[in-house]
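Chain nomenclature is as follows: A, B, C and D, assigned in order of appearance, with residue numbering initiated at 1 for each chain independently.
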Amino acid sequence: MKIYADNAATTKMSETAFNAMLPYLKEHYGNPSSLHTPGQQAAEALQTAREIVADAIGCTPREVLFTSGGSESDNQAILTAAKLGKKKGKKHIISTAFEHHAVLHALQKLEKEEGFELTLLDVHENGLIDPAQVADAIREDTCLVTIMYANNEIGTVQPIAEIGAICHDKNVLFHTDAVQVVGHLPIDVVSDNIDLLSLSGHKFHGPKGVGALYVRKGIPIATLIEGGAQERGKRAGTENMPAIVGMAATLEESMNRLTENIQKISALRDQLIRGLSTIEHAALNGDPEKRLPGNVSFCFEGIEGEALLLLLNAKGIYASSGSACTSGSLDPSHVLLAIGRSHEIAHGSLRLSLSEENTEEEVDYMIKEIPKVVDQLRMMSPVWVSKVRGEKDFIL
Amino acid sequence: MKIYADNAATTKMSETAFNAMLPYLKEHYGNPSSLHTPGQQAAEALQTAREIVADAIGCTPREVLFTSGGSESDNQAILTAAKLGKKKGKKHIISTAFEHHAVLHALQKLEKEEGFELTLLDVHENGLIDPAQVADAIREDTCLVTIMYANNEIGTVQPIAEIGAICHDKNVLFHTDAVQVVGHLPIDVVSDNIDLLSLSGHKFHGPKGVGALYVRKGIPIATLIEGGAQERGKRAGTENMPAIVGMAATLEESMNRLTENIQKISALRDQLIRGLSTIEHAALNGDPEKRLPGNVSFCFEGIEGEALLLLLNAKGIYASSGSACTSGSLDPSHVLLAIGRSHEIAHGSLRLSLSEENTEEEVDYMIKEIPKVVDQLRMMSPVWVSKVRGEKDFIL
Amino acid sequence: MSLYSEKVMDHFTNPRNVGEIPDADGVGEVGNVKCGDIMKFFLKIKENRIEDVKFQTFGCGAAIATSSIATEMVKGKSLEEAMTLTNREVVEALGGLPAPKIHCSVLAEEALKAAIQNYYERNNIPYDKSLFPNCAECETCRMV
Amino acid sequence: MSLYSEKVMDHFTNPRNVGEIPDADGVGEVGNVKCGDIMKFFLKIKENRIEDVKFQTFGCGAAIATSSIATEMVKGKSLEEAMTLTNREVVEALGGLPAPKIHCSVLAEEALKAAIQNYYERNNIPYDKSLFPNCAECETCRMV
């Protein structure tokens, strides 16, 4: 059995996306800036795609900017708010300790190079922000609150609408990295009080290398990539037409199946969580209720995540430890440290991220195999052995 | 007949590119940062693609950074040099008046926001830089010379190796926007003395939304998109695997067929130039010898380019006026103004950019139809009529 | 699949009333080559009515199409009626224009008015100057 | 299609000499949980020879594989021979390791030496301290 359970890293592209892309990979190759028929055909498809994406998050097409992905969107959102802030002498930004690196590193650059001040809110053991924290942290000179809609490693979903309301009350721009949420949970930028939102195609069965940034009307957008007049001069570069069209097509389909998918995936998730909870000295990461439909994240005491991944890989289970980006590094995930896991425990993490393509049989197989592999590694772990003998204390 | 003669705007993707992409659009969807088999399969393909691109321009794989396209590469190259310059108190940059907007706008931003000083070299009537101009312009505080390898509108190819040699002599970084050249003419970054080079996949029958930046070993790269550890931490974002693989595959093929293609396309170009040269009061833009194999650029007195394009479009000839990006704007192309065309003349421009897929028959058809359309528009042009009557002087 | 509506394309590729009237009673030219659009209107006036109208245009497809339809719209009209032609009506008659091309319709309105003004001037007919564009101060061609 | 060579995967998925020697003559443990790698080596020494060796490892695939192959490489060797084992030899025996995993081979070398040192200490055998890692000052686990 081959089980792809790493959908938070990237997803299999849907047939819908592929079929939508196909003509743009083949005969419809015009540049939408060109005036001739193939160019204008592309320009029209670009507009249609923009409308679909706008519809999916409840904004107008003019508020949607196409980018090369979630990271670029995050960077441009932060740059936009920072530039505005700088002009007004407001150089304080509020975020959380467990943002994706695309946000965190962009913020740290502002701190280091531009003298911005950061407040990174505590995300507590359950991985959730309390809106009151945001209210308390906002200062006279706060120019941006950026809090991810849902965390990519532990799957917790924040009370975004309430946070947004506070920001709007206090007249502070609110950005949310919704890369893990768009296409998976309903979003409405208006009722969620969002000013800037990032999304990425390949996280919802769309193509890689494409994303979008929503910027509420009236906010002057800062440009990250200068050049031609594409995206109304706010994002230069010949448009990635096949990817844009593919992303829109699959997003439209995802939105149509949203309720059904949420139900199906959440059921698989809960089945898997229940199954893995029988493993001793293990713990679910993140709130059990307020989490993404597909996210299952555990820490297993006494073992190390990479070894776990590789043994699971040998059994055809494709998973992740912490986020894909940090796998292979010596440091444990900053997300797990942020929810208070010790280094030792954080090293023993496993993320299984499900999609609607996973099945109950797959979940059963994982519930059967994962404990065996955990056991196998524990048996050869000096840490585990000394805990079993009572020479060291168990943490979990 | 449908003739695509806008290959400088974008190209039809090759079968080779499409076939290379296909598995990565379908079954091989892993994230190269993932440790499991699908992830590592992607990581390997990424490395192979990097080697191919490196081979094509004569550098090592570690010197190749994948980006979302030519504009991003240009921006990152300029940022890299500017950051280094700033550190050393060197804030003078040399470029030309007819760079692509991805370069020009990035430079103007540095001028406006960071206090850099720009020297934009005159490109003369023939669209060529004399290396001596660069030598003369370099100052103590020059941190970058950025000169495009070949111009996208008028096709002139600069003496890059000589310019690079001067820069290296004077210890100044040299960037070249080679977006129109890679895959079309031989490039060797070592013998061409290039430190930074931009390329874009969709200009050589590769996919849109992907490009690369070559950065010579030892130059500390500045990051434009912060985030994950992709591209050794210098360009965040989940890699656009299908596009990267497709770009590499078609580049490899282009390099294998380079001599053959240059011969074929240049012959078509010269046939077309000869044919259009019979039109009165018209002029070829750019040097007739030192130009891209596929570039044919004319100005026709007394008419306006957009009208010309649309009538040609009705005849199935897909062309461009100035660059695709500026079409539709009221201002005539900055490139044509830079080579000394008056506003009036610059408005009447036509760019036909050929590829190896064009045929002699197509060229014959264009030679037959274009003069008719030029005539048709001239007959209704008050400017033309007054010149014919001798009320105004002809310029060309 | 086109920048322009079918109506625009029709008037652009088959423009009506192209040419000039050698013994025109009024001629108006607006725009300049720098901005890329020049329109010249020729009027034949009989008993205060536009008996014939022709145009020459240097410019984009929209410029040619707006010239063409404007001549159709005023042919046979009295000068007073013709003076009420607005650029908005021209745009509507064409089934819309892309935003950056709206200025072409303004040019068409102004070219017509300039030709009527020229007729008044030639014939020393008194008229209300405020109703006519002042080409010296015209910023139309810089509008986007 | 894998991060690791076949040899590494073999030693990782079928590690040799896993476990402990209850009455070991020397035991060495290096690394720490913070950096994510701990190796513990157990030695049975007879007539200055490594009669038996076992290991326990908390760590990544490379850590387990280097432990495994290192035990194979020193089993039956004299202590002096075993002391000449270098991390480079371990890497070569595995057919290479990805750059960020080289530190695992260093850990394996050090775990072995720590166990030998422990044997010398327990038996009051004089030895050259400079040949052994000083774990208190060891920065291995911060190497990348």
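Keep this in mind: a residue touches a chain if its C-beta (ideal position, glycine included) is under 8 Å from a C-beta of that chain, and two chains touch if they have at least 3 such contacts.
For clarity, every value in this text was computed on a predicted model and none was experimentally measured.
Relative to chain B, the most remote chain by averaged C-alpha coordinates is D. Per-chain CA centroids place chain C at a distance of 90 Å from chain D.
Work out the mean CA point of chain A and of chain B, and you get 35 Å between them. For this pair, chain B with chain C, the centres built from the Cα atoms lie 39 Å apart. With touch defined as above, residues shared between interfaces to two or more other chains in chain A number as follows: 35, 37, 306, 310, 328-329.
Counting partners per residue, chain C has 3 as the residues that reach two or more other chains. With chains as nodes and touching pairs as edges, the resulting graph is of another kind, matching none of line, ring, star or complete. Counting only pairs that meet the touch rule, the chains in contact are A-B, A-C, A-D, B-C, B-D.
Interface residues of chain D facing chain A in the complex, by the touch rule stated above, are 3-4, 9, 12-13, 15, 18-20, 29, 33-40, 55-61, 63-64, 98, 100, 103, 141-142, 144.
Those residues of chain B lying in contact with chain A across their complex are 4, 6, 9-13, 18, 21, 25-26, 29-31, 33-39, 68-72, 74-75, 100-103, 105-106, 109, 200, 202, 207-210, 223-230, 236-243, 306, 309-310, 312-313, 318-321, 323-329. Across the complex, chain C is touched by residues 35, 37, 40-41, 43-44 of chain A. Residues of chain D that touch chain B in their complex: 1-3.
Every residue of chain B that touches chain C in the complex is listed here, in rising order: 302-304, 306-307, 310-311, 314, 328-330, 332, 342-344, 347, 379-385.
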